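Structure record follows, encoded as structure tokens.
A, B, C, D and E are the chain letters, set down in written order, and residue numbers restart from 1 in every chain.
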Amino acid sequence: MSENAEFSPRIAAFLCNWCSYGAADLAGVSRLQYPPNIQVIRIPCTGRMSPKFILAAFRKGVDGVWVSG
Amino acid sequence: MSQKILAKNKLDAFLQGLCRDQDLFAPVMKDGKVGWAPVATADQALWDFSNTEMSPKDFFFPQTECMMRFKNVQGDPQGMIMQAEPALNRPRVLLNIRPCDAKAFQVLDLIFVQDEMTNDLYWRDKREKTTLIGLACNDPCPTCFCTTVGSNPHGTTGLDVLLVDLGDKFLAQALTAKGEALVGDLPAAAGGDEAKAAELKKAAEGKISGGVAMDKVNSREVMELYDAPLWDRVMESCLNCGTCTFCCPTCHCFDIQDETQGQDGRRVRNWDYCMSWLFTMHGTGHNPRGTKKDRVRQRFMHKFKYIPVKRGGEIGCVGCGRCVRLCPVNIDVRQVVNDMNA
Amino acid sequence: MRNTYVPYPVSIKEVRVETEDKQLKSFWLQFLNSEDASAFNYTPGQFAELSISGYGEIPIGIASSPTEGRDLLFTVNKVGSVSSRLHNMKAGDIMGVRGPLGNSYPLRAAKGKNIVIVAGGFAVTTLRSTMNWLLHPDHRGDYGEITFIYGARTPGMLLYTQEWTAWQNSGQAKVCVTVDREAPGWSGLVGFVPTVTGDVAPKPDNAIALICGPPIMIKFTQPVFDKLGWQSDQIIMSLENRMKCGIGICGRCNVGPEYVCKDGPVFTKTQLDKLPREY
Amino acid sequence: MFARRRFAVLKNLLEYVGIEPGRLHFSWISSAEAEKFQKTVAAVTEDVKALGPAQHMIKDIRKVA
Amino acid sequence: MEAIAQKIREAAKRLLSEGKVDVVIGYAKGTVPMREYPYFAYTPEEAENLTWSSFCCNNLALYTIRRPGRMAVVAQGCVSRNLVNLINENQFKRDDLYVIGVNSPGMVDRRKVQALFPGKTITEVIEEPEHLLVKGQGFEERLERKKVFRSNCLTCVQRNPVISDEMIGEVGPEGHGGNIDKVAAPWEKLVPAERWTEMQETLKDCIRCYACRDACPLCYCHVCFVDEAQPQWCGKTQDEADVATFHILRAFHCAGRCTDCGACESACPQGIKMRRLTSKIEKDIRALYGYRPGMEIGAQPPMSLFKPNDPQDFIK
């Protein structure tokens, strides 16, 4: 990446299947625009979320992690 | 080989010569612990210490070592093909290494380099490019037992030069051609110096109080030792942690793993330890050394029976005493071997 | 001096699904460099580390015989991450092979003898290699009677069906293939390997037995051989243990002082009787 | 709800070891709140962007080891 | 100290000869100075080997996990709290356990003692009521015991066992005068960049031997996350991200359970101060949920509980 290019972060988004994933779906259907920086990982429930996932995401080089129930 | 004298006020000049074309390492005091670090002058190095906290084996067998790299792209002409990492580019000198640790490298040579197939180039390359200047122990610790496992506080095995501290000067014994080249220009020792060194050696040997007896271990069959009842007690308090194996100068087990990051990939080896249940676990779920007892027994059997059986009587222990000092539950190898020998 | 940790690059030439449960696939591998192919000199019973960059290595017995040419055959059960990845690979993909490793069946020392081969499940791989080697015109004349006993759970789990059918039809060997239970469309033998071995009753005179299979099969086959008067040094077995380096250093596959990867995987029963059962 | 306690402790711990607070976000969004989703994505992206590329906890295998 | 040791031996002999328990788990004298080790006495004769001193740094609660039969455990405050933890986590039944309670004198950090004699070899350490007499090659010195306590002992709040079936010696005062809140979470006062550097500095010598995990009575998972292979959560290398992953997650798994017994630091062959991480968690759990682990049988562990009004300012 060149120095001048605007920094475009990579964000791992852990979304609950029943809540935020549905919201993401609805946002898509409703044609709501949002930044393309998130990579969505669907989890069955926020209760499935483990700190291991968050650290693994950072280890793999993401710039931020977002967990949403 | 020649016996020379290295005056203590000439140490800096000697060290300057050593680090001209090579990387020079020596034991230093860091945060109250004795460890290895690069040095350039004599006062940076330690000359009066018992031994380094950890063994110096990671100079030849780093805890994490990249073996090969590859381009992680299937379909690219060079993709997925492993390329070995380049060899060490600068020779090294390890100054003030203890004779027990040097001896350990010779034991490991027998394991890392056996024949054309079992020929660890990573180990060999570093061994061949490293000169070992030993410092004889005049004051062995209470946990040292080198003389009872075929080593010696003034031992020369595996060293290129042995220094003996005579008070105001060192007696420098060249032991190999490499060593001769380093000390050849120093003034020759007088008969009295050698006699004094011999006295110090005798005194040092005399200070080693505890030890192990190996005669019955040697004569007993593998299965007799394996089935001996002592293991039920030895294993009881063991935590199955890796302390004893990681601090040990002769433990050499490792694991090989692949790692990828985007288009880069590497194959890397890490120290591994027989105390871990994962170490021998099969893909099917079967584990040949499934219990704590199996694993504790493996470590002692490996060092004191399996290695001697396979390597012409050489013992996989040099008596440095590190595991005795560092084991979190004080499992004392001397007691274990003496129980094996009982 | 060659760095023996670096695998030879090979490409996958052909993939074949072997069993009905699709857990076993065979891979024919072709060396990318012809000098590597000539350096890879092996004999039946040896194994190699299959290397998949990014995943790791697995030790697998060589199922092809050197008499079949330069390409190598491996039959792999899908269990861990490396074998699962391999099962997803296709013809043309690049991977690596490191070896040949370990010792081999003592076939040259057994010249002039009768040979009994007992195989169970997918442990038949190195014995396929052995059979092809023995039945090759250059070698067949050196041996007496050859008996091949092979069993699997169901007909669909039998490997190399075409090959053993051909051996059967050639009349060069006595081939007894069995499945555990009656199955539709199966007209061959039914019963466990130890039972079939007892029925075939191979004679111990001037013979050796090569046994390879799951521990439970070996456990029950041994008494059959004992009963028939076989001596421990006539019974030869191949072990499997977890391995990494494959060259007798890394410390995990040892059974007592012997490293399965280097001193084995082939041991006589006489040797194993003196070793801990850490396999 | 149990997760909330876990997240609270973890978030504090990661901040404590020097991971900037803005790198780790939590939110509750119901499946009907598409607009909140849109806004939160934007807010999270802004926060992370302001911090620049991550410096810690990254494993770089290209380094010599 | 020796009087207490004698009483422990007597109690153990009595329990074993009466057949009340199958084993007494206590400490025996180590083969090197300042190191007592976990000892298992099965017979009244073996009970003779039990000892008690200020070098009993292992947490014996560890050895009760998955151990069949009836056992007696020599327990000071922290060990008893871990026993309570294990009972609350259903690892064994209270009835199978006989607690031989002892007031903890405060255990001594052998590294602190050694640090006072750099490069010298200590050959013997003799216990005196308020002092330690340290002997070595060519030196002899008397140290004030309190100056060389393990840091966790200095800030201990529970020196007496919380459960005991038999108390050896007197119930002593609680605490050693240190204030945990003053020393816990030492990196809190730093800015983020410094915190990360401090953690790297703290962990730089880690050799990944996992002695801290293995010495900890909280760590009894059949498969630890560092050993999981598919997927592998934590690489095995010495890379700082791998080392940090291990320590952060290990600390996190102690949340609401750590009794600050210090067994991890005492076990570490490299002298790593991993309590700098766990003390933060211990402090948070107290601040957020008002909980101290292992103080009461039947208490619900905070991480398996929630209240509607739990803090959630951090959630958008």
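Points worth noting:
Assume a contact is a pair of C-beta atoms (placed from the backbone, for glycine too) under 8 Å apart; a residue touches a chain by one contact, two chains touch by 3 or more.
Predicted model only: the values in this text are computed from it and were never measured.
Path length between subunit B and subunit C in the touching-chain graph (shortest route): 1. Chain closest to the overall centre, judged by the mean of its C-alpha atoms against the mean of all protein C-alpha atoms: B. In this assembly, C is the chain whose CA centroid lies farthest from the centroid of subunit D.
The chain pair C-E and the chain pair A-D differ in C-beta contact count, and the higher one is A-D. Centre-to-centre, using mean CA coordinates, subunit A is 48 Å away from subunit C. Annotation: 52 Å between the Cα-based centres of subunit C and subunit D.
Separating the centre of subunit B from that of subunit D, both taken as means of CA atoms, is a distance of 44 Å. For the pair subunit B and subunit E, the distance between C-alpha centroids works out to 32 Å. Contacts with at least two other chains are made by residues 229, 235, 237-239, 241-242, 245, 248, 252 of subunit E. Counting partner chains per residue, subunit A shows two or more touched chains at residues 51, 55, 58-61. Taken residue by residue, subunit D touches two or more other chains at 2, 6-7, 10, 14, 19, 25-28, 40, 56-61, 65, whereas all remaining positions touch fewer. Considering their complex, residues 67-68, 70, 72, 74, 79-84, 111-112, 114, 117-122, 221-223, 226, 252-258, 260, 265, 267, 272, 274, 279-284, 286, 288-289, 294, 301-302, 305-307, 309-310 of subunit B touch subunit C. By the touch rule above, subunit C contacts subunit B in their complex via residues 1, 3-7, 9, 32, 51-57, 79-80, 83, 93-96, 101, 215, 240-242, 244-245, 247-257, 262, 274-279. Across the complex, subunit D is touched by residues 185, 187-188, 190, 192-199, 235, 237-239, 241-242, 244-245, 248, 251-252, 255, 277, 280-281, 284-285, 288-289, 302-306, 310-312, 314-316 of subunit E.
Residue ranges of subunit B in contact with subunit E, taken from their complex: 29, 32-34, 46, 48-50, 53-54, 63-64, 139, 141-143, 233, 236-237, 239-243, 245-247, 255, 257, 259, 268, 270-273, 276-278, 324-326, 328-332, 334-335. In the complex of the two chains, the subunit A residues touching subunit D come out as 7-9, 11, 13, 18-27, 29-30, 32-35, 37-38, 46-47, 49, 51, 54-55, 58-69.
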